[in-house]
Each structure stands twice: as C-alpha cells, then as structure tokens.
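In order of appearance the chains are A, B and C, and numbering begins at 1 in each one.
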Amino acid sequence: MPADVILLAHGSGGRLSHELIREVFLAHFGNALLNPQDDSAVFPIDLPAGARLALTTDSYVVRPIFFPGGDIGTLAVCGTVNDLAMVGARPLHLSAGFILEEGLSVQDLTRVTASMARAAADAGVAIVTGDTKVVERGSADGLFINTAGVGVVAPGLSISGSNVKPGDVILLSGPIGAHGMAVLSQREGLQFSFPLCSDCAPLNGLVAAMLAAKPNIHCLRDPTRGGLATTLNEIAGQSHVGIEVDEVAIPVPEGVRAACELLGLDPLYVANEGKLVAFVPPEASGAVLLAMRAHPLGREATAIGLVTAEGLGRVVLRTALGARRVLDMLSGAQLPRIC
Amino acid sequence: MKYIDEFRDPQSVQRWLDRIRKRSTQPVRLMEFCGGHTHAIARFGLRRLLPASVQLLAGPGCPVCVTSSRDLDTALAIAQLPGVILTTFGDMLRVPGSQGSLERARAGGADVRMVYSTLDALAIARSNPHRDVVFLGIGFETTAPTVAAAAVQAGAERLANFSILSLHKLTPPAMRAILAAGEVRVSGIIGPGHVTTIIGADAWQFLPRDHHIPCAIAGFEPLDILQAIWALVDMIEGAAPDVRNTYSRSVRPAGNRVAQGLLERVFQTTDAEWRGLGTLARSGLVLREEFATLDAARRFCVQVGASREPAGCLCGQVLRGITAPPECPLFGKACRLEHPVGPCMVSGEGACAAYIQYGEA
Amino acid sequence: MCLAVPARVLAIDAQEAEVEIGGVKRRISIALTPQVRAGDYVLIHTGFAINVLDEAEAQETLQLFAEIEALGTQASEEPGDEVH
C-alpha cells in the first residue's frame, strides 16, 4: 500500500478507503463472511431449543497501544470474547470498528490488525464485519477500536452476577495485576529484570472446560478495569450478598507487587485481561477447580474466599495479619500517593 | 521484598500485639501525626487488632488535607492561564477548591499533568520550551528537599520556563499548634518516620521536654508501627516520656544533613495557612530571593479570594483530632469517596478516606 | 509520612542511580544521598533516594523481634534507640 500514514481520505469511503480495507483489514481478517463486504455479515445460526444469543460490545482506548504481552488489537478481541465467555456463551463472531487518527502509521495499524487476527484464531472466532473512520490529528490518540460479539448460551445455563448465593466458593483463575502494571510500566518507563507482560488472553476455552465439569456455575466475571476488588463489590451488590476473601490466598506476581509498591498502587485494583473469578456452589467447587488447573490458563487457579449472608453488599478482606477490613470498590482513577 | 516482607511477618505481629496487651494497664490515646500511618493502620487492619485500651487518633499530617482552599484556588488560577502546564502529584488532582478541582479544570481544557517526581516536571519543561511549566509543590519535609534539588538543577540549567508554586509546610509547628490548642488529650505521639529521616529524631525533643508527652518515631510497616506503639505504652506506663527512635534503620538523631542543607539553600520559612489550624508562624516554605525567578507565586499574578470551607465540612476539626471521621454529619452521606466535599475524603492519606475505604468490618 | 520504598542500588551514574526492588528497576536521583554506593539499600521518595538504610540497625531491630519470643512476654527491654 503506497501511503505510509493514515490520511483523512482513508475515511472518506472512496478509493483510498477501499485500498486500506483490502490491503490491511481483508489481508488479515479475510473469511467467507467478511469477504463479500456487504453492509452486514449474514450467517445462519443453529439454536437448539432453549439456547439463547448473547451480544456484547466494548471500546478500547488503551495508551500506549503497544505494551509487553499485547496491544490494543489483542485486547479488542480478547476483551469481547471474554465478555461472551463470562455469561457462558460460546463466541461466534465479532465486529470491529476502527477510529483512526490522521497521521497514524500504516505499519502500526497493520501490526495491530495482525494481532487481532492471531487473537481471533486463538479464540476460534472470526471478525466478520467492520467499519473505519478517520478523524483529524489530535482527535483520537492514535487509534480507538470498538468490537461487538455475538455468541450462543447453551440451554440450562444461568450464569449471572445476580445468581450468587451464600456458601458459594470463590475461585480465581490465576495471579492478578499483570495487565494494568504492564501498561502502566510501559507508560512510566519502568524496566524489569524479567519482563512484566500483560496477561491478555481469550478465556472461552477455560470456561468451556469449567462448564463441562459442572454446568451449575453461578457467576463468572473477568476483573478488568477497577481490578479484583471492584469486580467483587459489583457482584456483592448485584446479588445482595456478603463476600469474604483472604489476602494471603490471592496470588500476586512479585514484579507486580514491587511495581505497585513503587508507584503507590494496590494490586487488588489493577486491571486484568486474562483472568476470571468464578462463584461456584460448594459441592461443585472441587471439580471446577480441577478442571481449571488442567487448562493452560488456569494452572494457578485457587480458592480465594466465600460468599456469606452477612454484611450484604460488602466485601471484607482478611488481611495477611489476620485482621478483617472492608475492601471497597475503586473510586476515581487510582492515583499514586506521595504522602 | 527486602525491608518490607520481614516487617510484615504475621507471627511477629501477633507477638508484638501480645506484648502491648501485657504492658498496657491504662487507656491511652496515641496520635499518629502522619497520614501515611493512618493509611497503613487502616490497610493492615491494625486498629481492630490492638487492645481497646490503645486508642489511635489521626493527626494533621496529610499535606493534601492541610492545603488551604485559597492556596488550591491559586494553583487552579495559574493552571488556567494560557500557555501554562501545571504539573502535580496525583494526590492533589481531585481536591475541591472553591472553584472545583484540578481534575475538573483539566476536563475544562487546562493543561494539568500528573507527575511522580519533580524531575518529571523538569523534563516536561525541557521538552516544552515555549510553555510555562509550573510544579505544584505539596508535601512536608520528606518532599521539600526533592523540590529543592530540582530548583537547584533548574537554576544550573537556566531553565527559564520552569517554576515552583511552593505550598510546602513544616511539621513541628503543626504538632506544637495542636498541643498548644489543648483541644485534644493525647498521651503519646507516633512520629512520622520519613519526615524524621530528613529532620532527625532530635527535632522532636520538645515533645517530652515542653509537653511531657512521649514520642516514638515509627516506620510504615506493621511491625514498625506496633513497635512504636509498644514503646509509647512502655513510656507512658513508666511515666518516663522521651523520644524513642523505633525506625533506626532509616532515622538518625541528626537526620539527613545533605537534604537539610538543600532546604536551607533554596527555601526560607514563612507564615502559612493550614486548613483547620489557621495561620501558623514560620510553618511554610517559600523560595529564597536567589531563586525568585523559579517562584511561581511571584511570576504569575492571580487574584483569589480568602479560604472558604464548604458548608458543613468538618475537615478542620478532623485534622485537629477533635472529631473522628464518622462523627462528621457529612461522612458517608453528602461526602463520599466518589463525591468528596473536603480534602480528608479525597486524599489517600486523609483520615476520612481511610475510614471509609478500609472501614471496620 | 510519605510513601517511600526501600530499593537496592545497582549502579551509580553521576547524580543518578539505577535501583531495583522485587525485580523492578528504576532510575532515581541521588542528589540527597551523594554518599551512596552500589549494593546499598536506599529509601526512594518521588524519584529521589532520601536516605541510605542501615543494614546493621535493621538486623538489630529484626533480631529484637526474634528475641522477644525467647525472653518471654515479661521482658522490660526497650526496643529501638533512646534519643537524648
């Protein structure tokens, strides 16, 4: 493709737009549903009786767009696949809308697109429709992406933040804080003796394995913005239950811990993009945990707490010192402290 | 992590708690002067672990909380001048002045940037030679020397577009003011470990000498705090007030002379307005004449009104230790983490924020 | 009273040092601790080392923690240094 930077003309719908779509997007995403380039992708769905559709959307504005362990493209695919997986849906297809800033390098766009194609292949989904707009320099920090996804929820599954019951065991699929700190470290120029990479990954395979072990999981959620603490608070509120978690049981990689100490942050509030929490009835928790540990994305899965019938709507943390204190939701952006 | 993990050992914590329990025969009220201690105590759940005879009281050692609304308004006014980039530590972004916060000013178009260090602000000044870069200097004696070092650096580089709005304050005057006011009965002071790293443990001699109150200089890990509390209980039980340095790995009697020298070279003391405490003589730092071109207060002429407290806000009383956060009528209702009325709710070390965020459970 | 974090000095370069904590590296200013050497531990606050940590004192403090259990809870030992 002759142009090395994105120009406003690439968004005008004319020849340059078509060249961009052909040379960048179709070259990486090409599939039978996308290739016709109609206004919508049309496909049949086989819905057994009692099955339902799931639909989700997310927009991605991460800065910087490239970070250790991934980029805005990987996030855009995994994030939406994971939102579908969190309601027990098998992801089918994704859409991708791009808002490009005038002056964005085509090489960067191509790199992001290639990441999306790889992530989609990993997750077993295809990007079947899309859109591209270009805005003036200064209006969009490089590149924003919106993805929407559709999936199928098998009959009999009822996985929701309002389904959690006292006595449920809380399982966490692995160590927390890697994504947020990988991005922040990139921004702040921290270096690591060993690389601190984002944990960005599609969780639909892990979820499928968990549901195959026990379909009666009450709730699944991926602790993204706001971190584990915020996610637990959301669920405690939605289901009107109490939650108690053990600080010692929550795995945090040493690099994350150290970076958090340096910047005055708390790992419990740092975003994750490849982890999930599961709320499981006690009699099913053993089997689900085993299934998690048998999967590459759940090797370090562990129980971190319980749902209770006290302190409704609140999350309590048992600290490493044995004291109990409230673990609140994130309020405002997590600002580093000096004092 | 070395120097952190060992000082958080849960078994040692239990042993110190036992020791405190056994030594303590009378109720004591200990003021943790420093907001960093309030935060650590809340985060580790220490309040609940201590025996009921030991009561902890938050003091005014939160530089964000004691910044007057007039000073914040000055920063806001400068931030809104054309061409200015205002750089600040993150803590100050959400504090409401009488015209809103720096965060809101940023949303309204002011160029306000968060930095982790004064050095970041210097770097911004170098890369933006045609803009005025102002650093909002908040903090006590721990932070002021770092700003002094940056001022010397800026002078050496002849960085013409860099200036500092110094709102730095000194802690011993605030301590004296609280005790002199006699509003709150305090049996002992948990001394600020990092401020004292700079100013030296000797700086607190006036507490046992003039007020017969013991002081234990504490670090910020759970064992440091418990060791200091034990030392205070021990001195109170023995009726032998003194200054004990329980943070000896960092604090020396004379402090950090190099840092003190930098402070002396760059700043001079001035009267300063402390939110909640009023104007305290010689409690603030202002840039010396030699550094006048680096002084944002002199470089920019802005008009602001007198300090105003939001209606019903009791931050002043909380800072003086006479009102506990839950006793403020706005606490948890009109004043919440997501909608703070006063600075004690905004700052990570503010007493109200610590109470709400890590509430009793 | 401010957030300050202990880190190990890896290398010194004029007025700056490269430090490390838990595998995380950072460049900081040593303007306030010109006497620091590689291998020392420092307290970092807002991008500056504000003091060099005294390993011997730290060990003594930790040793005290260990001794308490041995001596039993009736000990009237005073922790830390008295300042006169």
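Keep in mind that, in the parts below, contacts are C-beta pairs under 8 Å (C-beta built on N, C-alpha and C of every residue); 3 or more make two chains touch, one makes a residue touch a chain.
Please read these numbers as outputs of a predicted model, since none were measured by experiment.
In this view the innermost chain, defined by its CA centroid being closest to the centroid of all protein CA atoms, is B. Pairs A-B and A-C differ in how many C-beta pairs touch across them, and the larger number is found at A-B.
A straight line joining the Cα centres of chain B and chain C is 21 Å long.
Computed from the mean C-alpha positions, the centre of chain A lies at a distance of 37 Å from the centre of chain B. Centroids built from CA atoms put chain C at 39 Å from chain A.
Counting partner chains per residue, chain C has residues 1-3, 5, 21-22, 45-46 touching two or more of them.
Within chain B, residues 1, 4, 35-36, 62, 89, 116, 139-140, 142-143, 349 each touch two or more of the remaining chains. In chain A, the residues that touch at least two other chains are 254, 257-258, 261, 264, 336-339. Across the complex, chain A is touched by residues 1-3, 5, 7, 20-26, 44-46 of chain C.
Touching chain A in their complex are the following residues of chain B: 1, 4, 8, 10, 13-14, 35-36, 39, 42-46, 48-49, 62-64, 89-91, 93-94, 114, 116, 138-140, 142-143, 222, 336-338, 347-349, 356-361. Residues of chain B that touch chain C in their complex: 1-4, 6-7, 9, 12, 15-16, 18-19, 22, 33-37, 61-62, 89, 116-120, 139-140, 142-143, 145-146, 149, 152-153, 171, 192-195, 197-198, 201-202, 204-205, 216, 220, 223, 227, 230-231, 234, 242-250, 253, 256, 258-259, 262, 349.
Chain contact summary for the complex, chain A toward chain B: residues 188, 254, 257-258, 261, 263-264, 311, 314, 316-317, 319-326, 328, 331-332, 335-339.
On the side of chain C, the complex with chain B involves touching residues 1-6, 8, 21-22, 29, 31-34, 41, 43, 45-48, 50-51, 53-55, 57-58, 60-62, 65, 68-69, 73-74, 76, 78-83.
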